[in-house]
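Pasting in a structure now, in structure tokens, and then I'll have a few things to ask.
Labels run A, B, C, D, E and F following the written order; every chain starts at residue 1.
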Amino acid sequence: MPTVLPPDDLESDPRIKAVFDDIRATRKTDFINNIWRYLAFDADLLERTWEEVKAVMATPSELDPLTKEMLYLAVSIINNCTYCVHSHTAGAKAKGMTKTQHAEVLKIVALASKTNQLSTALQVPVDPEFLLQEK
Amino acid sequence: MPTVLPPDDLESDPRIKAVFDDIRATRKTDFINNIWRYLAFDADLLERTWEEVKAVMATPSELDPLTKEMLYLAVSIINNCTYCVHSHTAGAKAKGMTKTQHAEVLKIVALASKTNQLSTALQVPVDPEFLLQEK
Amino acid sequence: MPTVLPPDDLESDPRIKAVFDDIRATRKTDFINNIWRYLAFDADLLERTWEEVKAVMATPSELDPLTKEMLYLAVSIINNCTYCVHSHTAGAKAKGMTKTQHAEVLKIVALASKTNQLSTALQVPVDPEFLLQEK
Amino acid sequence: MPTVLPPDDLESDPRIKAVFDDIRATRKTDFINNIWRYLAFDADLLERTWEEVKAVMATPSELDPLTKEMLYLAVSIINNCTYCVHSHTAGAKAKGMTKTQHAEVLKIVALASKTNQLSTALQVPVDPEFLLQEK
Amino acid sequence: MPTVLPPDDLESDPRIKAVFDDIRATRKTDFINNIWRYLAFDADLLERTWEEVKAVMATPSELDPLTKEMLYLAVSIINNCTYCVHSHTAGAKAKGMTKTQHAEVLKIVALASKTNQLSTALQVPVDPEFLLQEK
Amino acid sequence: MPTVLPPDDLESDPRIKAVFDDIRATRKTDFINNIWRYLAFDADLLERTWEEVKAVMATPSELDPLTKEMLYLAVSIINNCTYCVHSHTAGAKAKGMTKTQHAEVLKIVALASKTNQLSTALQVPVDPEFLLQEK
């Protein structure tokens, strides 16, 4: 159950309608998933969040769209966001993630979490080889 | 400062030497970074951790080595592991991560953390469209 | 579903009844929310937790009650506690949090999480200006 | 030690100089703290991050500047960001946080973390009273 | 709702059947809990995870089985894994955890989280007495 | 570097002296480790924290002192508290934790973190067998 309720007539607010129209145009679909409906409880929060998602995730860049989705999914797992794990698993599959690649992402997330905790437990000193030379 | 101390003569233990030799052979380098030296305080922990890192990260698979390193880095940032942030930033650069790709990884990590927290704060319900059909 | 079950007749235990009576008197309401019912599986845990909540949250202090609730909510979001996000969103609203203030709390939580991760990813050195002078 | 190195002549890049000038003008100080210097390794990341910090933290709003800094500090503690704990403790003090208020923030952060974990451990069901009525 | 679906006829895959048979034999029960059914979406992930769980948790060692389950539970609470909190609370009870011991685990988890956050907030320097002498 | 500075003459404050005296008497040592010196920036915070640590950790209970320290250490690792990882590794060793037990704690922490993340990634449904029957 959500902690805020979006109004029934969300798109009667022109700021919200403009964002939803841009989501539909950018993604070439009529589907507006729930995060956008709930963020719309504050038009400014909706506008800023979509603007950033569009710039980072929906604009061609050096990383391909599937790699970006898998990175988003990995972060969402560690941050333990149920909604985001579902939406970005679906998103990565929509961008072509195979069952084997899905399993690979999970193996890396699991292994990294394991060695992250071991490094913290041991307080392993950073190798000088990894450090940049200050100028 | 670490919480355990590796002995000076680590490689006099044949189990440890075997792992270190395999690290050197697999990575084609003489450099053994600190995580392995400190994990060596328990030979079983060292063997199992290396076996898994080798299988997941150093064996050809559907994901390319750079993508795997960037995923590992993203997880290490969220888990807040200082050692791992340094080692996997260096690792990703060694596998070809450009400055622009590095910035992209950071933008995705930052954006995902932001929307993860917003989804949690709003307790956004998962869209039925994202759910799998149970058979 | 909970991992412990409170007995039906919770208040037949005088230690539990005393805490519940104090909650009702302090909050001027008959409503005892679930966290207290489930903590009652161990009377000592219930007593100590309520004593601390009462001292920190329900005793006049330099911070006003709404600011305290918003801080509690922000922590609960980052710690990803579903129950606490719901109870402290409701609590902050009961203490007067407006829709705009709610959105502001979420913007700060989201922005802080973003810059927290960027600082960790970059391992930004602390400016000497921020450090206290040891005496 | 950082994972990227800002160039010596940061402000020879007009995009970076524009952001730094705006930070100085907005904050009415010549001091540019390190997070901005290191974010400058990518001009886009610098511009976007400052734009958001300025809008959320340095623009008058319903929450007063001290409350906003204390919320930022609370989140930074839970996210375990060393740099941010230092910079936002200093920031809150600069905005008037007293020693007693500082201790109060810490007591709330500590108490919330405690009850967050207890709620998770007990999987306490959300009270129907806390749930919004779907329309 | 899960993000992957195990096939109906899981055990028609001989690799999966072998793991399930070993789980049944090791635990002396016909009950295969859900984590294993879902991990079976990738036979390699299933095999490796079970192999590690068997070695660490189901093999006699210096720590007794109940202590190991309580440690697993404590970690699962902090990592906020709903499934794991349920399965390891049940597991610890099955290995003899009393109601009082359960409450004790929760008190330690809650107290440690509290002092962990206080130490981070204060950036308490590590006492030289706690540091090992490098050889 | 800490974010608060304890005064030089901490024990000239009778409330602080009383706590420090009780720490020394309870632990049968003159050594007061840093967390107590820094918590002393607020006498109330110091008194309450010590009172809880004494009750939970330094009072005979159903769990033995070493098990309690290992649980505290496991939580501190996951919460990524550098100070606490050092102090509770030292504490567990002082209570008799062997090198093998230390390695076992780390193996459980690492394995649990791994399966916690896998369960979250897969959103594994809780088995009905693990759920308590509501009365």
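Note that in this section a residue touches a chain if its C-beta (ideal position, glycine included) is under 8 Å from a C-beta of that chain, and two chains touch if they have at least 3 such contacts.
Since we're looking at a predicted model, the values are computed, not measured.
Novice: Enumerate, in label order, the chains that touch subunit A and subunit E alike.
Specialist: Touching subunit A and subunit E alike, sorted by label: B, C, D, F.
Novice: For subunit C and subunit D, which third chains touch each of them?
Specialist: Common neighbours, subunit C/subunit D: A, B, E, F.
Novice: Looking at subunit E with subunit F, do both copies bring the same residues to the contact (over half shared) or different ones?
Specialist: same
Novice: Roughly how big is the turn, in degrees to the nearest 5, that lines up subunit A with subunit F by CA atoms?
Specialist: Fitting subunit A to subunit F on C-alpha atoms yields 180 degrees.
Novice: Determine which of the two chain pairs, A-B or D-F, is joined by the larger number of C-beta pairs in contact.
Specialist: Top pair by contacting C-beta pairs is A-B.
Novice: Which one of the chains is farthest from subunit E, going by Cα centres?
Specialist: D
Novice: Averaging each chain's C-alpha atoms to get its centre, pick out the one most distant from subunit B.
Specialist: C
Novice: So how far apart, in whole Å, are subunit B and subunit F when each is placed at the average of its C-alpha atoms?
Specialist: Each chain's C-alpha centroid was found; their separation is 27 Å.
Novice: Using the average of all C-alpha atoms in each chain as its centre, how far is it in Å between subunit C and subunit F?
Specialist: About 20 Å, centre to centre.
Novice: So the centre of each chain is just the mean of its C-alpha atoms; given that, what is the distance between subunit B and subunit C in Å?
Specialist: So the centre of subunit B lies 34 Å away from the centre of subunit C.
Novice: Give me the residue numbers in subunit A that touch at least two other chains, ranges are fine.
Specialist: 1-4, 41, 45, 48-49, 52, 78-82, 85-86, 89, 100, 105-107, 109-111, 113-118, 120-123, 126, 131
Novice: Looking at which chains touch which, would you call it a line, ring, star, complete or other?
Specialist: Drawn as a graph, the chains make a fully connected set, so complete.
Novice: In their complex, what parts of subunit D are in touch with subunit B?
Specialist: 1, 3-4, 41-42, 44-45, 48-49, 79-81
Novice: In their shared complex, at which residues does subunit E touch subunit C?
Specialist: Where subunit E meets subunit C, its residues are 80, 85-86, 89, 99-100, 102-103, 106-107, 110.
Novice: Spell out the residues on subunit A that touch subunit D in their complex, using ranges where they run on.
Specialist: 1-5, 7-8, 48, 52, 55, 126, 131-135
Novice: Flag every residue of subunit B that touches subunit C in the complex, lowest number first.
Specialist: 77-78, 80, 82, 85-86, 89, 105-106, 109-111, 113-118, 120-123
Novice: List the residues on subunit F that touch subunit E in their complex, please.
Specialist: Those in contact with subunit E are residues 1-4, 31, 33-35, 38-39, 41, 45, 49, 52-53, 56-57, 61-63, 67-68, 70-72, 74-76, 78-84, 86-87, 89-90, 98, 100-101, 104-105, 107-109, 111-127, 129-131.
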